[in-house]
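Lettered A, B, C and D in written order, each chain numbered from 1.
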Amino acid sequence: MAKSIRVGLVGVGNNASAMVQGVHFYSKDEARLSLVNQHHGILFPRLCGYDIGDISFSCAFDVDDRKIGLDLGEAIWSPPNNYPRVVTEEIKTKAQVMAAPVLDGVPEFLTEAISISSHSQVPDDAVDDALARCTEQIRSTGTTVLVNFLPSGSDLATSFFARAAALAGSAYINCTPTPAVHSPEIHALFAECRVPLLGDDLESHFGSSLLHRTLLQALEQRGLEITHSHQINMGGNTDFKNLTHRGNHKKRSKMAALGFVAQSDRVNILPSGGFVPGLEDRKVAYILIEGLGWLGSHVTIDLKLQVQDSSNAAGVVVDLVRIAQAGVDRGIAGNLAMPYYFKRPLSAKPNTADALQAVREFDQAMRGQ
Amino acid sequence: MAKSIRVGLVGVGNNASAMVQGVHFYSKDEARLSLVNQHHGILFPRLCGYDIGDISFSCAFDVDDRKIGLDLGEAIWSPPNNYPRVVTEEIKTKAQVMAAPVLDGVPEFLTEAISISSHSQVPDDAVDDALARCTEQIRSTGTTVLVNFLPSGSDLATSFFARAAALAGSAYINCTPTPAVHSPEIHALFAECRVPLLGDDLESHFGSSLLHRTLLQALEQRGLEITHSHQINMGGNTDFKNLTHRGNHKKRSKMAALGFVAQSDRVNILPSGGFVPGLEDRKVAYILIEGLGWLGSHVTIDLKLQVQDSSNAAGVVVDLVRIAQAGVDRGIAGNLAMPYYFKRPLSAKPNTADALQAVREFDQAMRGQ
Amino acid sequence: MAKSIRVGLVGVGNNASAMVQGVHFYSKDEARLSLVNQHHGILFPRLCGYDIGDISFSCAFDVDDRKIGLDLGEAIWSPPNNYPRVVTEEIKTKAQVMAAPVLDGVPEFLTEAISISSHSQVPDDAVDDALARCTEQIRSTGTTVLVNFLPSGSDLATSFFARAAALAGSAYINCTPTPAVHSPEIHALFAECRVPLLGDDLESHFGSSLLHRTLLQALEQRGLEITHSHQINMGGNTDFKNLTHRGNHKKRSKMAALGFVAQSDRVNILPSGGFVPGLEDRKVAYILIEGLGWLGSHVTIDLKLQVQDSSNAAGVVVDLVRIAQAGVDRGIAGNLAMPYYFKRPLSAKPNTADALQAVREFDQAMRGQ
Amino acid sequence: MAKSIRVGLVGVGNNASAMVQGVHFYSKDEARLSLVNQHHGILFPRLCGYDIGDISFSCAFDVDDRKIGLDLGEAIWSPPNNYPRVVTEEIKTKAQVMAAPVLDGVPEFLTEAISISSHSQVPDDAVDDALARCTEQIRSTGTTVLVNFLPSGSDLATSFFARAAALAGSAYINCTPTPAVHSPEIHALFAECRVPLLGDDLESHFGSSLLHRTLLQALEQRGLEITHSHQINMGGNTDFKNLTHRGNHKKRSKMAALGFVAQSDRVNILPSGGFVPGLEDRKVAYILIEGLGWLGSHVTIDLKLQVQDSSNAAGVVVDLVRIAQAGVDRGIAGNLAMPYYFKRPLSAKPNTADALQAVREFDQAMRGQ
């Protein structure tokens, strides 16, 4: 079994920053040891035979000329990124950030935040060339797992990098709500190229969807009638700026993630109530649940959740890259279903305990050989 | 199979009020029908072959002379009860409230709230006579299920009525945190008398223990490290006045209800932060959970729960009396384990999904015959 | 002194419903009496010599053909209004709802909610005729105070009805954030026509702006440094649907209402985080304030406010119509400054105690004659 | 005018720690400068002609043998103190902690937390000797202002040190709810000894009383009817452990601090809902306010406040010691009324704006000479 995972990142934003800093941090011996007693948000210090320290970075793509050309370990500090600097020493990944093509346009509200590189401006008739070039970069760097960290609404780019990954023989993890696992064409391409595809829409490590679903299920399991519920999210990173304008896929994914009650017109989800710059990479979610019980008595739950937004993704993706690598090792082709980690898996979302059990069983199966 | 359940109540407080009003309300045809589409806190409109309308009241015990001698349907409006009047018409149960002996003393803080009947003042050497009398009342009224609604700290009285029930051939449901199922003597007596015993400490229909445990488990399942958590409860009924002074068994039960994390010194539970008369029978709980995730990032959950306190008990007890009756019908002797409904069942508390599944299986088994 | 106030309403939505129901309710003898001991949101049972029962309705304008032609007391029940029905008996005001011209267009998101009357579709070259017609209706019905309840963004219509009021010799209360008092032309017109003008942007009886400002001032007065604060509002009435799309004036008004700290880039206000239909006319606001104190220690305030949105306007407007009538009685011309009641008065917003004192002094002066 | 303030502390707990660390920190040049732009909880960088850097420590008293004999700058790190260590370098105050007599007994619940020195066990007939000794220590160290930081319930000790201060010619600031300013005997003694006395019960810099009062007043000023309100506080320092058992004076003081609505039976205050060790020196307060407005519509405010408990005292006491010193400089005798800083000043609590204005005027008067 290969003892190293070569990961490529599409989008060098806060999620990349959290992941690159974390992999660096948890690769040190003392951090490995501390994980035995303290979780720190890492459910599986070892998964499918891999430690977090077995992850390395092989390539990265972005459209911002302030990041392109830099080592990934340096590019993560470039604006508009605002994930906190936890690792103070220099990080060297040896992966150089390369130009990704702009395919979905740049919305007006992002033009001041982002400085588009001229290398990223690709005319329509040159998209095939760009695809060939990116495919070659993924292949030549020995990348085995490509992670799609693009913002919501990047529909064409999500598909572009899925094809590049499949053609280069790399697994692909689609963290965005744009359909990839749910796209029959993309799904078929990964089956044909015999590499694993994982998605769609990363479920945060500990986010508002998980919490909202958990509480609604608790009420249902007790026979309470839900009369009103809303969930509203706020943040100050580029993702929230983007979501405020391009939240359609996101809303659908978040409703799906609530499972059996999603169809109800009594539950309202606002993926982004607004861009609040002062929050930076923090995310604040407010949830209200109102129900009726015995003799029409009222039950009310008010909840506020506060998390570091991008930590939430990184903590999940380090599991997924290890699972994807195991899929590559075993030659799994097409959708590698891991509903524990996604808001919109291909099949219906199971309950959390069962979904977690499936991860443990996959882990055992992978270690068993 | 008998088509009626004859229920006796020990303690005619707010829980009794919620239960008597609710059984009256849900026995009407239109209410039965509405339950098909609307839950109203009733998980099982039909359970073990019984509707809520199959429940009737056969006897009741209390120490307050303003309640003794009245029909149970009238006694529930007597002070200090402050559960809202939902059923405005007159309720006739035909069960007359009888004098219960004062065995645990009356704490000073309750002396103004309660008006102890002279019939309840039983000297030590007359306790055996009182036991014989109460046993006879349970038996002669045809009571098949006796529900212990006494306040926390009524240790001797809980045991007294357990013995009366067993000797009278009635099932006994211990809603208090005082050990009954956990008392080897009481447990053995029910086995010997061949009647079912259920307990200890009713888990609220939808209360702070359930919610707190659900959230702590959600964090654990994601690998987050819990650094601090507290839960504080407030209410304005006699139970809260009592709990503020006699909360020991309660605290132990509530910690046990949190399951696998209960041993942690990072989790603090305050069963009663105080008696707040203005809340009347409402209960307000505040929960704070703080954890650490990826790279030491902070996760914070703030939650406020508001419920009608006594509705929470009634919604659970209507299930339990039907289960207990099925146990009587089938001759089940000793502990009838139903961990879904209790904070401190005899064996370890399973997860909610499994505990609920056990109820469904028992229901099927009972209907199968 | 005239003993009746003849009020005209522009916009027959939830605010009109709350006001018409309330005036009906508080005009009854028993309600008048109860106000002596219970406030019920009415700060001045008697103000400038007028009781709430002295208010009557003389005319009303709307664009929705389901309301036009009805008595105002009937039109308030028409969809999309969703203020609760508190007064169950029939209300007869004798004011018939008349067609208002559509001047600002109807945004796409409102086309399903509103059914525009053909009488309201006025071509550009017929606006002067419409103005003459509306002015005549205000005058002929004896209206002395016209209240502008139009939604945010109705800039042309706000100005149109201001002119109609001034020309008809009626006072005008501008409840919207659109500039009227702040418009030099409108201001001059009221001075010239010798009638009082009040505005701009009604401060809710008890709303998120008031509360947020109160808390920020409390921190400032203690020398704490505010590091981050946000306020987010949600509702389910048409106003919120509208605000989500046309919130510019509103945001400016709300920032101004926060007074001395409004310029800070540390305070973020989201007038509408989203339209949540399930809330109907309820409004939910979440406020977070984070500050630093002694030795850099943290101070955090989390607040949730829940109100009946349209009650908030009605409770304020019943004061303003009495003040405006007193202004009419005394021949006050142009801006009648009442900063206690507006988010954006003409001069700087004073502190609440001083602003309230100014109301009391005006009241005394008016009663003094 | 003397340019140095010699402060003595009674009780070397968390409040002392916050104050000693803060005075050290804010005495540095760079910290002084930073205060020009950033408040950090310091309302008056300069007050009555004194900077924070003009404060020095001259003596200190405690009963714990782990603190007695140490320099005050070292004793503040001793358990059970758990205020965070913000100043990492060594602090030398030259004030040595001396033995205070145990006069009010040591409650059972504190016996494990505190290690009583044998020097503190003073028999009844030796109290006069102890008083003479403490008076001499205050006098001989040149102490001009003595601050009483003892826990709630230390009634005899509060009075003991008041007498020692008066006899030694030192001003006395009573931070506890025990009556000192409200005690006619103590009051008279300070008048006679011609030194200033300040109290009773420190109002936190930014605490739950201030916030609760501010919100209740905001509702009153709008004419809303308050139907229910509660406030519950939790913490993990010794003060909270103590309050849970000896909260009587505290509750009375907190009710008084709420001013004009304190008499209402609709407002409930729980000074300590419980001792939650995991919070350490953090304090969490939950406040609920429910009211009725226009047409009986509901208004609900839910608030959570989180502060560093002992920072709250230190930020206020640094103002008071400067005010007290100015009183000493000018020979003010008896009660020096500063209602801005106390929950229970001698006369009725004015509104915050007026109380703050009085501080500014005193400041000007003191600087005017």
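Rule of thumb we're sticking to: contacts are C-beta pairs under 8 Å (C-beta built on N, C-alpha and C of every residue); 3 or more make two chains touch, one makes a residue touch a chain.
Please read all numbers here as calculations on a predicted model, not as lab measurements.
The minimum number of touch steps separating chain A from chain D is 2. Note: the chain lying farthest from chain D is A, by mean C-alpha position.
One finds 45 Å separating the Cα centroids of chain A and chain B. Centre-to-centre, using mean CA coordinates, chain B is 50 Å away from chain C. Multi-chain contact residues, meaning those touching two or more other chains, occur in chain D at positions 302, 304.
A complete list of chain pairs in contact reads A-B, A-C, B-D, C-D. Across the complex, chain B is touched by residues 228-230, 232, 234, 265-268, 270, 273-274, 276-279, 284, 286, 288, 302, 304 of chain D. Put simply, chain D touches chain C in their complex at residues 18, 21-22, 25, 38-44, 84, 86, 205-206, 210-211, 214-215, 218-219, 221-225, 291-308, 311-312, 314-315, 351-353, 356.
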